[in-house]
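The same chain A turns up in both complexes below, where it pairs with chain B and then with chain C.
Here is the complex of A and B:
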């Protein structure tokens, strides 16, 4: 049964307690037309990169919550092994979710999900990184199955066709990148962003968070991290962001932020990484 | 190793069949049924290059002229080439009057990728070489405005072209309409992102890339547009005209060797600058670009500014005085 457990070493690296920074630097002043325009473009674009509306229900009814969690963790392991960016990981997750939700296949087997995941990560790397990996190389990291290059190539073609070749997805990470430019001094920025990314990864693995749009998840993760690291700055920042959103977006952010806070405090209390509960039934993978 | 002959391939083929039947897939893909066969009749080969060939074709449904770019997939071990993935996916979301329209995408025997584009008569390179270049100032101005409109649009969508040159600027002869093409090196940009330096054609390559910087942004496209601007006026590549051993030396001869005052950060970017080349005093753009009105020369100098942080943006260029007297905008 070992292979059914979530291996979440990648999250436990960061300490669970947030130390106070006595003198946080001033946050960037966002109030400029250019920023608001770019933000509006992203909000408009994100709608066309969402999975189908019944996606969470579909994952549940096909017992895909846990297998999805596993392949996302595989993406994250690949990230550290191949030194790829988090942006690429979030793109791969987006491709996976869109593909599975459009495909609506009713007799999933785990090898299918693994094959699709390899294609998703391969395409995301080629779209977003400076250099590609071979289809053999990409399979080095802990997979249950191994596939020949011609099979993966075929899967890449299917994936691209199903996604309509629309790969420049707007993800929660895109919003974090956009909203945190020039935010803090470089020495604090890295630490701040790694905390935000932790929250984004938890959100990606959590079925409840699938209900929220990427912008909502991204802003909520920034808000939570600011609350923990720079409480005085948090209110000013959120007030400004809220001022450029509509009422339903504001409501969603408050809801998402609350959920994220609860889960973060749970995680800190328990001193282990948050992991979504396993579904009542899971696919047992027999090793060949 | 699982392969095509393995037991599970039956399930895989069933999955493919389900996908083929899936109405949502065809709706999402934006491709007509039979797009795999590309629905075109080849007339002749329009161009040939390292990537493959470009055919002039007829669309069998509409009878319209189209161009089909057939790219050979050489390294199948890497799957579909990154260049194709970027070009197609970015063109899928760039909808602008001055950007070439991608009509269909298809594959042949898993070896060729076929991209069907709207047909244009020739490119700016051919126009300059074969037609004695655009001698009248109005055409230069019109072409420049259209190129900048397309570049400004790309940048507003956070896309860098990274390979702007006359052969990637296509022309519709009757309408005098310009369209940017070849987004194979394009990518979405983010602040503080490291990119590859091995790109672009060297005569149109920005100095920060020639200095091996991997941290660059929209300004690289503006440098290339400046080079195209100068070439339209003088009839040949600007940095080919200057007698020099390489592009960087040519740039420094023309604009002067940079110092920490004129280009903050250059010594960090190129510590061996003083060893690499002599200290040149600027010859000045006006020495080489003689037939350009003062406001045009001013715009050109703002595009060909060594320090990327001081280089004019596409958006600002469109508002430049050079374009104020034009009634076709």
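Here is the complex of A and C:
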């Protein structure tokens, strides 16, 4: 996918400049027919990797909003501990959401969600990373339950069947990677991307964001970060992206962007990392 | 004062993404642990019911901006802490640490009790079998619905496909 974009060298006046001057020539690299085709393919493809419709309602009615947050936080901790890529985390979240929305249990219990999550992360790692983790290693910490390897393997097989063996999901991270290639010089890119990823993770944990597609969330995160770090470039770039989207997509992005900005400013005051803004504590009743 | 300086230095190092040697990294972890231990002693009960270590660090006014900048790095530090503490502490302490290290805010007494009694539980064999059986049944049903064909009874059902029997 990277090879679809042309290489252009940025003419930077100073490598120390934090905020770059707007350079209309450099932005030309986006007005590219090949890029637009690739982007359109991704937009088309993401539809088939979404959870079922009304997924948010389903989570609410089954008291799964908070447990979902907990297991996603576990993904995030595993990412740090095992040096997994963020792409893998977003894949695992996608598998989890698709499975839960498709395979609708009558009585959800937290151990089920943990078991599914272990399977999701394990498969995402095998799919997206260079080396796998043993099923013992992956359960090393931050879980309430432990499972034998054969149980996890069985869960993995069921997960694969439910997902139709379709694992190469288009996630919000996919869009961010695609849309940010060649956009900035390397030393600025790193900082930019880590901010965007932070927003994506917040969005993943936020139930209000669940109604938006990955592409909408990804573009909104880019928009917020551009506004914050590179204001002069933001308007031009967003205007270009909007020009290749339809009206309902534009409306969604504006809505999502506004929500993301609100959540971000609220979060700064709270000083909490990766916490859901409206948590609900769920107490499970033990089945005698 | 000295502790504050060390902490500031650690923050700066993290902020600049300096490549640390392993002795240096270990030192940072040690400082963090000591700091947390000091914080825990006087107000243990308050901390357990209140903020997580991450919140404690971020609530320090003088490091506000730096904390924001290195937010992504915090998880690395926390991971290092977990590793070190796991080696040194007993089972009881490990459980406590796990609760404290949790990124969620909802650590009330009831949930704490549940977590304590259910630490590393294993679901029963029958629970697992029921769960798997329900999932398998669901898969089969979706497959049947998709092709409107009952594969068990070997007969077509009403749906989008029209099934024509081939003469053998």
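Everything that follows uses one rule, which is that the second predicted complex is superposed on the first by the 244 of 288 C-alpha atoms of A that agree within 3 Å, B and C clash if a C-alpha of one lies under 4 Å from a C-alpha of the other, contacts with A are read in each partner's own complex, and residues count from 1 in each chain.
Just so we're on the same page, a contact is a pair of C-beta atoms (placed from the backbone, for glycine too) under 8 Å apart; a residue touches a chain by one contact, two chains touch by 3 or more.
Just so you know, these numbers come straight off a predicted model, no measurement behind them.
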Partner chain(s) touched by A:150 [first = chain B, second = chain C, both, neither]: first
Contacts of A:38 with chain B and chain C, given as first, second, both or neither: first
Chain B versus chain C as contact partner of A:158, first or second or both or neither: both
Chain B versus chain C as contact partner of A:126, first or second or both or neither: first
Which of chain B and chain C A:166 touches, first, second, both or neither: first
Partner chain(s) touched by A:87 [first = chain B, second = chain C, both, neither]: first
Contacts of A:198 with chain B and chain C, given as first, second, both or neither: second
Partner chain(s) touched by A:244 [first = chain B, second = chain C, both, neither]: neither
Chain B versus chain C as contact partner of A:177, first or second or both or neither: first
Contact residues common to both interfaces of chain A (with chain B and with chain C): 102-105, 109, 111-112, 115, 145-147, 151, 154, 158, 161-162
Contacting residues of chain C [partner chain A, same complex]: 54-55, 58-59, 67-68, 71-72, 74-76, 78-79, 82, 86, 98, 101-106, 108, 110-111, 114-115, 118-123, 127-128, 131-132, 134-136, 138-139, 142
Touching residues on chain A, where the partner in the complex is chain C: 66, 69-70, 73, 76-77, 79-81, 102-106, 109, 111-112, 115, 141-147, 151, 154-155, 158, 161-162, 194, 197-198, 268, 271-276, 279, 281, 283-284
Chain B partner contacts - residues on chain A that touch it in the complex: 37-38, 41, 45, 87, 102-105, 109, 111-112, 115, 119, 122-123, 126-128, 130-136, 145-154, 156-158, 160-168, 177, 181-182
Chain B residues within the chain A interface of the complex: 1-4, 8, 11-12, 15-16, 18-19, 22, 24-25, 28-31, 76-82, 85-86, 88-90, 92-93, 105, 107, 110, 156-159, 187-188, 190-192, 194-196
